[in-house]
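Okay, so chain A shows up in both of these, paired with chain B first and chain C after.
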Partner chain A sequence: MALPRWFPVARKEAVALLKSKGTWILAPLLVVWGYGPTYESWDVLGPNVTVGFVQVAGSILLPLGVLLLTYRSIIQERTSGSLKFLLGLPLTRTDILIGKVFGRSVGAVLPFALATVILGVIGGVKFGLFSPLRFIGVFLVTVLYIVVLVSVATAASAVTTSTVRVTGALFGGFFLILTLGWKRIGVSIYSAVTGNAVNPFEPPADGLLFAILRFSPGRAYRTVTNWILGTGNSGGLYTSVIDVLYRGISTNEYVVDATFSGQLVPVYLHESLGLVVLLFWGVVPLALAGYRFKRGDLA
Partner chain B sequence: MNRRQYLAVSTAALSGLAGCLGDTEYTISSVETEDGSHPLALDVTPADRAIEIESPGRLDITLRNTGTQDLRIKNTGVWPLGVLGLVSAGDSGSLDVLLLTDEYAEVDTVEIRPNGANKDNAPLTGTLEAGESIERQYELIGRRVSGAGTYTLQGYFDEVPLSYRTGENTDWVAYHPTVTVTLTEQSVLS
Partner chain C sequence: MTPPAIETDGLSKQYGETVALDALNMTVAQGEVYGFLGPNGAGKSTTINLLMNYIKPTSGTARVLGHDPWNDVVACHQRVGICPDRFETYESLSARRHLELVIDTKRADDDPRALLERVGLADAIERPAGEFSQGMEQRLALAMSLVGEPDLLILDEPFTGLDPHGVALVRDVVEAESERGSTVFFSSHVLGQVDLVCDRVGILYEGDLIVEGTLPALRDTCDLSSDATVEDIFMTLTDGSAHAGAVDA
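Presenting the complex of A and B:
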């Protein structure tokens, strides 16, 4: 079977990333970031607390690392002029985008996979045998999240004409707003749309509020991984969900099970739909960027 | 920095930092008991010194009648040792630590909640015959420990865990031996 035309681009991108020390520095950082056992999480999850470490590793530090590793994928070639040389090869612009996303995804997934294995070994030795299905499930969803992040970063890199702009768009817009600050911004959007103020410690049982909150790829990722972990229906970190649901602590984390207690939960708030949100972020920005990239000027 | 140096540095950093974001675990580093002039003796022995996330520390507490007469023992909660706790000695700022025992689940006089406990104050009495001893095991859950330091073992609700008397017509005598338990933080590299 013939390899796709974009395969050499993907291989070059993956090899370049895997030869970089920065890529491999991410692995130990993810282990340190992810390993955070608590007495409460052990009480609720038992040995599966190790699976929770993977979710924590996949939150905040991983998106930042993946964006750093991929945000210059196209813009670097555009500003240096090597993009014109690349297009001189028998490749379409779509091939270049797909090759960049695929190759950089592989380059970002491998250090994360190494961190996951180390977390699994440390957790397995200390806390005993965890559910391999849940562990693999959370790992695979995190791999999907990495591909989504690479896709968004590549899309931004393809439609901007300067490194400053792509840096601002990705770190000021995507990371700061959609990853770190979405809980506050999502609530503000909900309040602006409905006119209802939200007390974060006692949120209203309104499906729209929770739907807006999980539109963020990071919260969608945690919604799906919390579902696999079995902690609860929420886009918060599993430790925060445990605080709300099992310790009864009033926090500013939004948990469907606590807010809709005794009420019918809208179907669109099912955790599996977090996968649809992730797929949306993986496909739509790249498709829009591809449309513009194919018709844009390379100067 | 070559690849070998990088691997060595990153492994050392990883080992040193692992667990920084997790909850603190403790070790029961010492237990010292001082009995007064009573016909009772209390032995406190660590059955499991490690207070870890996945397993609590354990203290075996034995109450012995060292006298030649039978003793009536009165307390509340569960007989004969009651609801015990570790109270911070000195100004360490640590909060009291409730000790747990399986017996709480077998009685309706003690209710344990995630962040506290309730106890029925109805007195419980029983006889400890001369030379007899009773052993109970109490657990130290790390979640309930607010910090390392030196603690005094005593009743969680009442400072005096039990009283005794030798006959029906004698007065109840408060029994509160001095037991100090020292907890230290576990090293992340241990």
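Presenting the complex of A and C:
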């Protein structure tokens, strides 16, 4: 079977990323960021606490790193003029976008994979053998999350005409609002729509509130990984979920099992639907950007 | 009958109120070496950007080797080699990687080293392009344009940033490619080199093709002696008003 037409572009993107220092600086940072055993999580998860480290590595630092490694992928080529080489090849503009996303994803997954292996080895040695299935499951969902992030960053990079704008849209809009601050903003949106004030320490058992919170790609990612890890139905970090569910600590983390205890949980709050949210973020921004990228002037 | 290498009909590009190219009608036959001349800002790069699908036209049509350059881009670019103007190469990638990108995408079987030898860069094959001088980058881009024996070679300001050896090299490459049967379409605001390589020239001025033909025919048109250069023809046609733009730029 012949390789797809865009494969050489993807290879070039991956090679360029793997030759940059930033890519490899990310790996040890993710290890340090992810590794954080606590007595409480050990009590609940046992050796699987190591799987939790991978989730922490995949939160906040990983999205920031992946966005940093990707946000200039097209705008930089556009301003430098090297895009003229890519556009001059026998490729459609869609091929170019796909090659970019694929190649950058490979380039970003490799340092994360290295960090995962290191976390697995350290965790395995210190806390015993964890469930390999859960470990691989969380790893694979994180790989999906990386592809989603690369896709969003490539989309932003493809439609803006200046580096300043793509920086603002991605780091101000996507990262700050949707990834870092969504718990607060999502709740504000819920209150604005329904008129219900929300006490974060005792949130209402309203499916809409949780659905809005889950729309954040980061929270969707953690919902799925918490599901695999078996901690609980929540978009919070596994450690916060354990605090709420197992230690009875009242925190401002939103956990479905705690809020809906004894009540029927709406079907659409099932953890697996976090995957649908991730797919939405992986496909929709890129498709919209591709529509414009295909028609626009690029030189 | 083989279609023309390039054919445009009323091809226009406007940016807001600014007319970059005004209803260009131009035909370049296959096998020709065509010099596309004019001062900076005349619309040469706009034309090439349109033919290469870097930008979309405001109105008009174009065919490149019989293909629609905007909707049939894969088939079209499979047979076109481009050496763009105002570009940077990929700084972390070696010269070899640059050529492999083009060779593999075009599914050609060229040897990267052989191509680099043609442009005098074989020694730098493993060096990252970030270390290259402007002249070396220009040579690399020229090598990339030669991948897959294109039927149409488009060179946008190929003499820019080259020393006299580089200029002679571009001329040799143009002659060799023309000998092979390829059409060569190149733009230049430097008029000196053009007499030596072109079968035919077109002069673009303020978005309009003001004259086109073989050099002897143009000399006749302008009532100039047989040793008149392209520059003389150009000066006559533009009353010298474009002179400053043409040489300083």
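The definition used in the following text is that the second predicted complex is superposed on the first by the 298 of 299 C-alpha atoms of A that agree within 3 Å, B and C clash if a C-alpha of one lies under 4 Å from a C-alpha of the other, contacts with A are read in each partner's own complex, and residues count from 1 in each chain.
Rule of thumb we're sticking to: contacts are C-beta pairs under 8 Å (C-beta built on N, C-alpha and C of every residue); 3 or more make two chains touch, one makes a residue touch a chain.
Everything numeric here is computed off the predicted structure, so don't read it as measured data.
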Query raised in the report: Since both structures carry chain A, what do chain B and chain C do when superposed there: clash or fit?
Result: fit
Query - First, second, both or neither for A:Ala16, with chain B first and chain C second - result: second
Query raised in the report: With the two structures laid over each other on chain A, which partner does A:Val284 touch: chain B (first), chain C (second), both, or neither?
Result: neither
Report task. Mind working out whether A:Lys126 is in touch with chain B, chain C, both or neither, as first, second, both or neither? Result -> first
Report task. For A:Val31, decide between first (touching chain B), second (touching chain C), both and neither. Result -> first
Query raised in the report: What is the contact status of A:Leu140 with respect to chain B (first) and chain C (second): first, second, both, or neither?
Result: neither
Query raised in the report: Taking the superposition as given, does A:Val117 touch the first partner, chain B, the second, chain C, both, or neither?
Result: neither
Query raised in the report: Looking at the overlay, what does A:Phe7 touch: chain B (first), chain C (second), both, or neither?
Result: second
**Report entry** Smallest separation of CA atoms, chain C relative to chain B, angstrom
**Finding:** 16
Query raised in the report: Quick one: in the complex, what on chain A touches chain B?
Result: 21, 24-25, 28, 31-33, 35-40, 42-43, 49, 118, 122, 126-128, 247-248
Requested in this report: Please name which positions on chain C make contact with chain A in the complex.
Outcome: 49, 52-56, 73-78, 80, 82, 84, 86-90, 92-93, 97-98, 100-102, 104-106, 141, 144
Report summary line: chain A partner, complex, touching residues on chain B are 1, 6, 10-11, 13-14, 17-23, 53-54, 114-115, 141-143
**Report entry** chain C-touching residues of chain A, taken from the complex the two chains share
**Finding:** 5, 7-9, 11-12, 15-16, 19-20, 80-82, 84-85, 87-92, 295-299
